[in-house]
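Letters A, B, C and D mark the chains as written, and numbering starts fresh at 1 in each.
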Amino acid sequence: MVAILRHGVSDAQIESLCNWFRAKGLDTHVSKGEYQTIIGLIGDTSKIDTDLLEGLDIIESATRVSEPFKSANRKFHPEDSVIEIGGAVKIGGGAFAIMAGPCSVENASQITEVARAVKAGGADILRGGAFKPRTSPYDFQGLRGEGIELLLEAKKETGLPIVTEIMDAHHLSLFENVDVIQVGARNMQNFELLKELGHTNKPILLKRGLANTLKELLMSAEYIMAGGNGNVILCERGIRTFETYTRNTLDLAAVPMLKELSHLPVIVDPSHATGRARLVRPMALAAAAAGADGIMIEVHNDPANALCDGAQSLNPQQFAEVAAAVRRVREAL
Amino acid sequence: MVAILRHGVSDAQIESLCNWFRAKGLDTHVSKGEYQTIIGLIGDTSKIDTDLLEGLDIIESATRVSEPFKSANRKFHPEDSVIEIGGAVKIGGGAFAIMAGPCSVENASQITEVARAVKAGGADILRGGAFKPRTSPYDFQGLRGEGIELLLEAKKETGLPIVTEIMDAHHLSLFENVDVIQVGARNMQNFELLKELGHTNKPILLKRGLANTLKELLMSAEYIMAGGNGNVILCERGIRTFETYTRNTLDLAAVPMLKELSHLPVIVDPSHATGRARLVRPMALAAAAAGADGIMIEVHNDPANALCDGAQSLNPQQFAEVAAAVRRVREAL
Amino acid sequence: MVAILRHGVSDAQIESLCNWFRAKGLDTHVSKGEYQTIIGLIGDTSKIDTDLLEGLDIIESATRVSEPFKSANRKFHPEDSVIEIGGAVKIGGGAFAIMAGPCSVENASQITEVARAVKAGGADILRGGAFKPRTSPYDFQGLRGEGIELLLEAKKETGLPIVTEIMDAHHLSLFENVDVIQVGARNMQNFELLKELGHTNKPILLKRGLANTLKELLMSAEYIMAGGNGNVILCERGIRTFETYTRNTLDLAAVPMLKELSHLPVIVDPSHATGRARLVRPMALAAAAAGADGIMIEVHNDPANALCDGAQSLNPQQFAEVAAAVRRVREAL
Amino acid sequence: MVAILRHGVSDAQIESLCNWFRAKGLDTHVSKGEYQTIIGLIGDTSKIDTDLLEGLDIIESATRVSEPFKSANRKFHPEDSVIEIGGAVKIGGGAFAIMAGPCSVENASQITEVARAVKAGGADILRGGAFKPRTSPYDFQGLRGEGIELLLEAKKETGLPIVTEIMDAHHLSLFENVDVIQVGARNMQNFELLKELGHTNKPILLKRGLANTLKELLMSAEYIMAGGNGNVILCERGIRTFETYTRNTLDLAAVPMLKELSHLPVIVDPSHATGRARLVRPMALAAAAAGADGIMIEVHNDPANALCDGAQSLNPQQFAEVAAAVRRVREAL
């Protein structure tokens, strides 16, 4: 950590401050400059709030020089993590997984039909929303517990492991047979939920929040890992910007950047990111070319009549074509 | 709602689409253009997902023309709402309230001392964090249940009603004697939490999310009101932008904009918005000048040693001066 | 264009407004709703300022339904445009071009060395900054006219056409033998400059501004094309967002989105977008996978000692490897 | 400046690096940490590109600790600058100025009528656009040279000094009798233009760019001042964010933040910031309460028929009321 002191600080103040730091077990190295004085702090600074320092009158700013995430940090875990899902599917460390399925589970025949279709098209994992986060209380909220039941039946039929979103820790008991539990973008900083998920050992698919930095994403992963659950998969799904032609702005540079900072697998959701079916194929291919460990695609057998997000869903034929093209890109690289 | 059809749609397709709309109880008015055809939809379109429409192949885009929020909408409730707090304090409809207190409740003497100080300085309501949302799992998480106890003691001592943040619906029982329950920015779209709060009748202070639009803020208020609880106070606390000198960008235009769209009271939190104590005074005055129904200021008796957010806290003398200046601005207008 | 009228407008006011529209040569179709009335305007609405409409007291909002760009619009020019550069290189319509070179032209041997290296590595066009846009007046401003001379010598030596940035229309005479004139991000809305470039017939590489929408990018292209110069190449180079790990956020969805809206070729600059050499390769591959018509890569023979942007430059070996990998991705698709 | 070295750097590398720094006239102080080594650089680091440092293989990041702007920096000029305009009006250092007028100069009677009206209403300076920056080449571009003539006539009639926008340095000769030359948001980083304006001694009104940081704004001011012209007035006019209800997001915290960093006067343009006439009054009052040295308000005698930006213009009566209210706020503080 580096603390920069205000202009005009006296030697007595600097000494007093250094004593305070040393009392906290830190070493200090002082650089006195013409306009600023810099104090380098060495030691375990992870428990020091930079806010605390910046509140001190003589300190102009305090910056961490090492990242505050540990369990998620590649520095402490240089090897890629490989997450096993459903006993059969791996993701990370070279293993690529395709998750596909409808935005919402609507009824038994829809989810089963789509499950068969995406399996045939090359999916490794079936997705489907049972608990839906809707901006409006008047929109379809999902089939909830019943939706999970239908997903489990589709799993039984096709053998595909399932991933579905949880919205509240108290529904955890319903997720017993779910293979991957998804934390939605709007819950990326629902810290109480993350703590609870840290107490399970299920793979957690953690979606980046609408306007959360990569560092915040990794700190949310850290919440889960600090609870004891190291099975975290990160997901880039677009961030909120000023552009309006696309629903969000897909930040593909997040893929190599996260893989540099962390050992956790990183996947991409081009469907929610772009909001437009026509953009899903190019972005899925771009994600593969960027080095993602997987993609998540929305697929519906009848997008026009989907109860939500029909505009961004692919039909099964389109999905199969995209999955094949994604494999070709990966082979080329 | 207005649906814009793709270029080259046939009359048969238009007719078929209109029949589908009529089957949903809507009236349709078709405008055929040189390059586009527009269909105006009249009737109760609130339950139609624009996503659903945009998924239809022949539809290029669908836009709502009336706002999707109803309970929160001033069109249906032209009078300002006045929320009563703790039996003594009003907010809204001309009544201005100042909320003040430390970021976190740290111990009995700290919270009691600050409570007395802010009461003397002109505060109407005492704030203090018992459950703290921290980006890092290694940072101080708050005294939680014990923190609420300490707040209640400070309330007993000073008579000040209290506002404090809830992070999970299942802690609700601890909030029985809390006067205003705060929903933090990161939980603005924690829909399960909002639904639960809708089932209480406590005043809810709803903070705008880091990157949530005003419309989303109002839809979150709508979640609470749809549950039966109309006592919602909106709070602008800064949004996330590219600027780095301030912690967030305080969007003061949100105050008059929200008061135009909604009848709910609107307050401003200049402490969290700016992250710098030196900016709190000018922004608090600006908020009052902009027509806010209240402000929330962080005050600590010893900001340098605050366990969190010390950098943005005022000491009691500074707070008293700001409160007085805010009143002078209001009197001038 | 669709105009939405305020609640409570009388029939007389609607009639008066429609007469006004008809006087401007537009047809009107009125949809009267319970809470709103919509007027569809048919005809040449391109010269109507939506601001003008929104200023009218009875109008709540006015939205264009057809895009305001014409020359750049694919609707009026369904075929991809193919731009010829230097008599030898094509870009667009299936033809892919790689532009490479240093951020700045520093001296004769540097630019010549890099030119030979990138040619060997697979570049089609040499880039190099002679006029540098620097945020600080104290930073190296570029060799300017002399820099262009050095580029022309490198061109003579290697046969590579050259692209370099112009910062002011009055330097145009210096650009006589430059093959592609680049308009930098900060000048994307320097309308006087765009108008002048519209009077030349040189290919113009138009970089998207730091926080400009795709629509604004196309309108800036429209400025150039309206002047008579249809040879515009669009370039996505990252937009400004809240994320700080990368210099900008590379918006790769802009590639397919622009190619849907416009017939102009679209290239990507992953060097300036990410600001980090390690991210250039994955983003270049992703750009190719996304369907870009070309990429622009910063290459320096000695990045550590580059006078600017060394952090994002590749050395010649790295460049050659990226160029080869990009071709493999394109072949796979 | 602080350079943070990568993990695992050898002592020999550190020594070699320090020698390199010393050769550039800098002193070095090394802090060796468990995971990082920090080098504090003392001396004139303003000419060192942080990019250059970050390009060195062993350096992980380099951060400036002192601001790179000097002439604009309050550290070197602690007193507020007071800019004199037209021999009669002062701005800064306690002196508050109101600029008002229409978005565009449309014709002689319009500009003269508005000039008289705003003078009566309390304006100190008349604004009016002669050269208009329009996103579309098909929109009204302004009366240009003729527009300046009309402004000068209005000046003669009313005695009000005038401020108007320049779009290209080569029009400077037309601005000889203009009292304040405005640089528009889209030209804030038109460095060639700024350099030219630095060679005049006219007061320059520098508008913050759509997505430019406060630091970039001050560096653009630095360009002008480095040329010899210290008469720069900064203007906050809203920044681009994800919010769509307002045209831009007015960043009022920029006012006290800029006045802390710089001695230059700071004004606010609530008209362009909000884009809505109804929001101008509250934001003008908020700007005054925040400590601005002036405001710029769009006023039109007939907003409904304004050739541009009618939606955000006030009529003369509204303007007079706002100007009076602004004075009351200032008196209260």
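To be clear about the criterion, a contact is a pair of C-beta atoms (placed from the backbone, for glycine too) under 8 Å apart; a residue touches a chain by one contact, two chains touch by 3 or more.
Because the structure is predicted, anything quoted here is derived from the model rather than measured.
S.K.: Where the contacts of chain B and chain C overlap, which chains show up?
M.R.: A, D
S.K.: What is the distance, in whole Å, between the centres of chain A and chain D, each centre taken as the mean of its C-alpha atoms?
M.R.: The mean C-alpha positions of chain A and chain D differ by 38 Å.
S.K.: For chain A versus chain C, what separation do you get between their C-alpha means, in angstrom?
M.R.: 31
S.K.: Quick one: report the Å distance separating chain A from chain B, using the average Cα coordinate of each chain.
M.R.: 26
S.K.: Out of chain A, which residues touch more than one other chain, so two or more?
M.R.: Correct list: 211, 240-242, 244.
S.K.: Is the chain-to-chain touch network here best called a line, a ring, a star, complete, or other?
M.R.: Complete.
S.K.: Considering only the defined contacts, which chain D positions touch chain C in the complex?
M.R.: Within the complex, chain D touches chain C at residues 46-47, 49, 51-52, 54-57, 68-69, 133-140, 167-170, 186-187, 189-193, 195, 210-212, 216, 219, 222-223, 226-227, 240, 303-311, 313.
S.K.: Which residues of chain B touch chain C in their complex?
M.R.: Those in contact with chain C are residues 2, 4, 7, 29-36, 38, 40, 42-43, 63, 65-66, 75, 211, 240-242, 244.
S.K.: Quick one: in the complex, what on chain B touches chain D?
M.R.: Going through chain B, the ones touching chain D are 211, 213-215, 239, 241-246, 249-257, 260-261, 273-274, 276, 278-279, 282-283, 285-291, 325, 328-329, 331-333.
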